[in-house]
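Here is the structure we will look at.
Each chain gets a letter, A, B, C, D and E, in the order it is written, and its residues are counted from 1.
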């Protein structure tokens, strides 16, 4: 237990350099990016003096390193600054936009897992057959269709033509589960497809690998039933690489959410980011990317910790 | 052959290799334990001699051989070769020594790069030491391949297309192409069945005669060791507990562990029956070596003294050394 | 409530989605309007942005309001007088007008609001001069003091763009550099909630006191018929399209031009168009090859505007080929210099290029990725390339575009869409400081003359001359045409009118 | 087989063997269905990109606005876009950009990722530094990072390649490193050290080839991802600048008219999907080809046949 | 057939369908194991020992890659005719198996206690808890010190010797009639090997379990087996009781093997005996005697015609054209 805590602390501490790197990258890129929030804020006809005045008020006239320092000092006190446009602190803005993204990513991850894992196992068990090849072919297709096309097509199909689901928008969970879900299903499907394709492939290959292992044979020799072998003996071992992919593609999900949220008009982190980039709302962009980076690293930390529960061999060995 | 008349080529002096198992944060996280894989081992290999090293699995034989070549850092001790301490060498000097002291690894399945063909594997050491032109190298390799009893069409095979015995021979050929003086052979035959095993042993003997090689031969098959070695060292938990000429060890084993080992060797004769010395007790964890004599937890003859005092190495007969309180 | 079903039947039937049908308008319910962008602010003084204008007009009102032909009409001011020398304007306020916070509007609120507006609005400054100010005379009278007479001062006050909304003094005092934080006005709707990037929610203001003459444009009687008004922020135009088709939105503001025809054919949906602005490519007259008038003439001679406008706006209903700098329905409309417009004469252009000594220098067209500006630029790029010019298209996102255009070294031709203005002096093509830099003395002198005259007739006469000068002797940019935007409303929405943006009071929804 | 008597003959024999070996490789290449399929499709695209424009009756920029949004016809095989430009031609030219971006990003990030991953796996301190940078880059969603880079660098095709290379290199580096870490511990690497090999030799000659197959798989993912991300960037307005066509920006243009001009989505979309498919096939096939354990099959069959014949 | 054997394998063929065609890894093998008997199986690496043993339990994937021919009778019942569900009842219950490599044959994600208990639960109608307690007892029986603690550990936490013993415990969990032990001691050094051999012999004697013991260590064979089968390239080339085999081997391959063993006594200096040549590949099996290539006695008949496995006398069978002729001429003494 003590070791475990130590391990945990170590992993958490190892986030610091990553976050440092992220903060520098983000800060540099943002400030290298042309486009001036003051100009955006003041609209088309603003005069140069007005712009200059606003820049001063926003602190944009300071040298870059000073701006960075101010930001880091703030961040250390969990103060990521305030949005230029939204009249709210960045942390609050992020919290306000977090719900939809969390729901969306969880739902699409769930859809992905629910489809992908059984199909992957199925394909692994029928390796080499037509069924296997067609499943794999479809999954390759799933990986090569751009997200926005898929989004628009599902919207056209299920929203406009069939009218089963609303085309866009969002209702919070407080509006009721179905109300909440009905807005999220289409985006989650279009977002989850790529994910599902990837997980199907990983599941298949890692199941195949595991099924070749001696302990599967030895379980058979013990008289274990086939079904139990697949789900009890094989899958748990095969789950590790799957989990890794799930953790790693979390970043991909958020990236996908950028486009999906734009199309389906979901007020989540992705939309917040895109809007903020368009508006050059520096504090928000910095805050969001920083936050996403923490979430990403955190999720992968969680995945790493999960490894240990799933596979004792990995426990604490990674150092 | 008497030790006095031959020249030593490799002298190992109180070699130690301790693996420090650290917790999290590297050393900051605290040392979880120290595995004393090799603990104060000294011996000498002479010209044209085969030194057999036996011992329980996990007693540190492989670690010892890897430490000799500085493949892993040593904790303490000296390995003298040509008036130099290998452990202190660096850069090109070390590379030179490594050309003379070659190693054949324990596992023929993993010690060959699976993506290189036999030809490439053999050419590699020649390239490393910039030996010969392309044509000359080709000749050297073909020669060597022939010598280890393989055929020209093996040249373009991948390791996995070879049988275990053939792989072992490729490993041997690789070690031999650069004309080494000393060969360290880490269990070169234990993964093989008897018919392949005998091919390799014969080859080694022929090569030794031809090139005046010295061998450090690690194995756990007592039959093989007896067959090939001039002298034998017996290791137990990182310590060299007994050392002596082959015949002497087999006829008059002194250390209780050596005795147990010899008595447990299965004999290919259904009528052969003999008393086996049963070793009782737990094998101690290498993390936590017993005090006194490391063998006392399993020794049928252990006394009080064994638990507290580390036995000294004594010469019981000519060239026959043992570390055991029974022989003081 | 005070809403009644008899209030309006739009006089503006050309634009009405519900002409012909005389159904009973139902009060109550909610109206959901999809807007394409989150407004930068809900402070009308702070921004010239179109979305700000669309939204804030429902909660704020000015002293005056423009009617459908852009004439100023009384709103919060009951009446006004101008002193003989034209430097002092006196406004008499309506009494008993309540703000949404329950406070009565008095002169102190008006002066505070109007002075802040003078400070914030560059157009106001430009028209009224730096030293103009409002002054409180008594509780219900305020005066505006100008340095010298300005013909269009009243138009500016009534202008729907960056409009002079009246808000309580406390609200103004509490404002910071980014604008007010309490959205309290006197309009028919009052502010409830702004969910960032999601929606803005207004509700009916029960205590609203309408003026008692018929609704016309932004002026006249206003009644909030629906209880709740939502502006859903839907940035993707395809999504707005899907939403209006499925009835998720009652009104959509930003739809793809390419779908106009489809929506025209859709029986469940009514569309309305409205003049939005002028499509131009401004010449960089500060540096580069277009400082040479001949070069500007060459480009102007080459462009074929039919193609550009069709490519930009997809449907003939959505653009008109018009050489006038000011809108067709405005008093300033003029056909002077029309011959120079839309020549599509490559031979002439080639000749002019040769005369100008054009030698393959690179011409950079700067545009952004909004589909209209982008499309016009792509076509212009092609037309100029056909001419043998060495043209490069620089496409940036809006923010970068906005920054890059400020530097004259970055571009030669700038794609712009200029929203309609009420007076020529507001026209950005003529501004010395705006991008393109029309620093021509003749132009500015004539603009000053227009402001200095006392009657509209005199003013329009000078403007005719000026526009002729612009076309034949100056060319601040090459004008492609006027463009319209369209909105779509479901057929159960009634009473929507449109004037520089949809007007959602007097509008009902039958669900 | 007889053991060669003198080395001269051995060399002859070996020459012969080498020849056999080469024809074997060709046979293996041709016998690998995935590689054959993949390269046929890819070659078709390259030809399409090169020849398509010559046979198309219109230029890629040539517009006739009055013919906008025409469905496919004999004149315009793939229809026209919203400027009345010929989509067939644009898809063909777009192949140059999209395949170019995809391939250069895949190749560049493979090279960078390989070097970074290998050295990181070999040197501890370097590992810490490089991996933290990779983590940092990876924890920022790819498309955001790409948008930011594009905004900073300015829109042009080379910048897209640079931005996407920066974005994707860490993924390769990670994969390479993780398999290199395993390889590094293999006995044959120790064996090379025992032979006296220098680090660079071990890293490049012995560790690198053993990380190739995961690298290939990852690189073919990245090829696909780069094309798709470029499309996504175009969709968000940060992709290949107009009027140069890329599949991405044709799709992005088409997205606006998705409900009334399906051909603007279907053709570039199909091109995109097919090329991604072909690269994935190639990647899988190459992995098999380079895996000494796979594809060996053909050799044995051949031997058997020979025995029967002889 | 005089009396019903515990296991009776007749003309078993195992064909692998691989991408390079059909590979017959086991080619017409026949042998039997009686109750209470330990039968040793020896042969060069790759000759089909493991495949034979796994074929008996039908552990290969019959759907895609493997086809069996011949018959396998267990207590008179044909295993090849059973459904896989019926096989599940036999596996681990009446016939159990110790795999060649213990470290890869245990599931890394479950504790060893749980894995041993699972074997019991599958076939015995007892509670989880009882099964677990029985598992601990079994571990103790195999000589694992402090079994309660060890039962809670995962495979990677145990040494090779311990894992081997866990496998044994698992195999013995339901007191099988037949134990198939595939090289159960290769990974171990001689002292631990001796302990395990002791255990198997003891159980064999105590509960009358039949054992098929696969190994390449002829010393082990000599010590524990009653009868020995020698395999070469997928076929049985010789079968005899252990003493006969070591004293009067008939097949040249068997002789070669016995000759190759380095001696623990006698003259060291002499060279080890070597069987020349290499084992042919399975995809390229010779038409005649499979050993002909390497056989010092091979003649034209050997190269062209495959010999059959023929009984010489009293259960001693051999597959060689020269066997009978030779026996009269030469008597081989195993130890000298």
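Definition applied: a contact is a pair of C-beta atoms (placed from the backbone, for glycine too) under 8 Å apart; a residue touches a chain by one contact, two chains touch by 3 or more.
In UniProt terms, the chains line up like this: A, D = ABC transporter permease; B = Dipeptide ABC transporter ATP-binding protein; E = ABC transporter ATP-binding protein.
These figures come from a predicted structure and were not determined experimentally.
Participant: Looking at the contacts, which chains touch chain A and chain B alike?
Facilitator: Neighbours common to chain A and chain B are D, E.
Participant: Between chain pairs C-D and A-C, which one is joined by a greater number of C-beta pairs in contact?
Facilitator: Result: the pair with more contacts is A-C.
Participant: Roughly how far is chain C from chain E, centre to centre by C-alpha average, rounded to an integer in Å?
Facilitator: From the centre of chain C to the centre of chain E is 92 Å.
Participant: How many angstrom between the C-alpha centroids of chain D and chain B?
Facilitator: Comparing mean C-alpha positions, chain D is 47 Å from chain B.
Participant: Please compute the C-alpha centroid of chain A, do the same for chain E, then give the distance between them in whole Å.
Facilitator: 53
Participant: Send over the residues of chain C in touch with two or more other chains.
Facilitator: Each of 238, 396-397, 400 in chain C touches at least two other chains.
Participant: Multi-chain contacts in chain E: which residues touch at least two other chains?
Facilitator: Touching at least two other chains: none.
Participant: Which residues of chain A are in contact with two or more other chains?
Facilitator: In chain A, the residues touching two or more other chains are 33-35, 152, 156, 160, 262, 277.
Participant: Looking at the complex, which residues from chain E come into contact with chain B?
Facilitator: So the residues of chain E touching chain B come out as 44-46, 145, 159-160, 188-191, 193-194, 197, 216-223, 242-243, 246, 256-258, 260-265, 268, 271-275, 278-279, 334-335.
Participant: Could you list, by residue number, the parts of chain A that touch chain E in their complex?
Facilitator: Contact set of chain A toward chain E: 127-128, 213-215, 217-226, 233, 236-237, 310-313.
Participant: What does chain A use to touch chain C in their complex?
Facilitator: Residues 33-37, 39-48, 50, 53-54, 57, 84-88, 93, 96-97, 152, 155-156, 159-160, 163, 166-170, 262-265, 267, 271-272, 275, 277-280 of chain A touch chain C in their complex.
Participant: List the residues on chain E that touch chain A in their complex, please.
Facilitator: Counting only chain E, the residues touching chain A are 54, 57, 59, 64, 84-85, 88-93, 96-97, 99, 101, 104-109, 118-119, 122-123, 154, 156, 167, 170.
Participant: Note which residues of chain C are touching chain A in the complex, please.
Facilitator: 38, 40-41, 46-49, 52, 122-123, 162, 177-178, 181, 195-198, 232-236, 238-239, 242-243, 245-246, 248, 396-400, 402-404, 406, 428, 433-434
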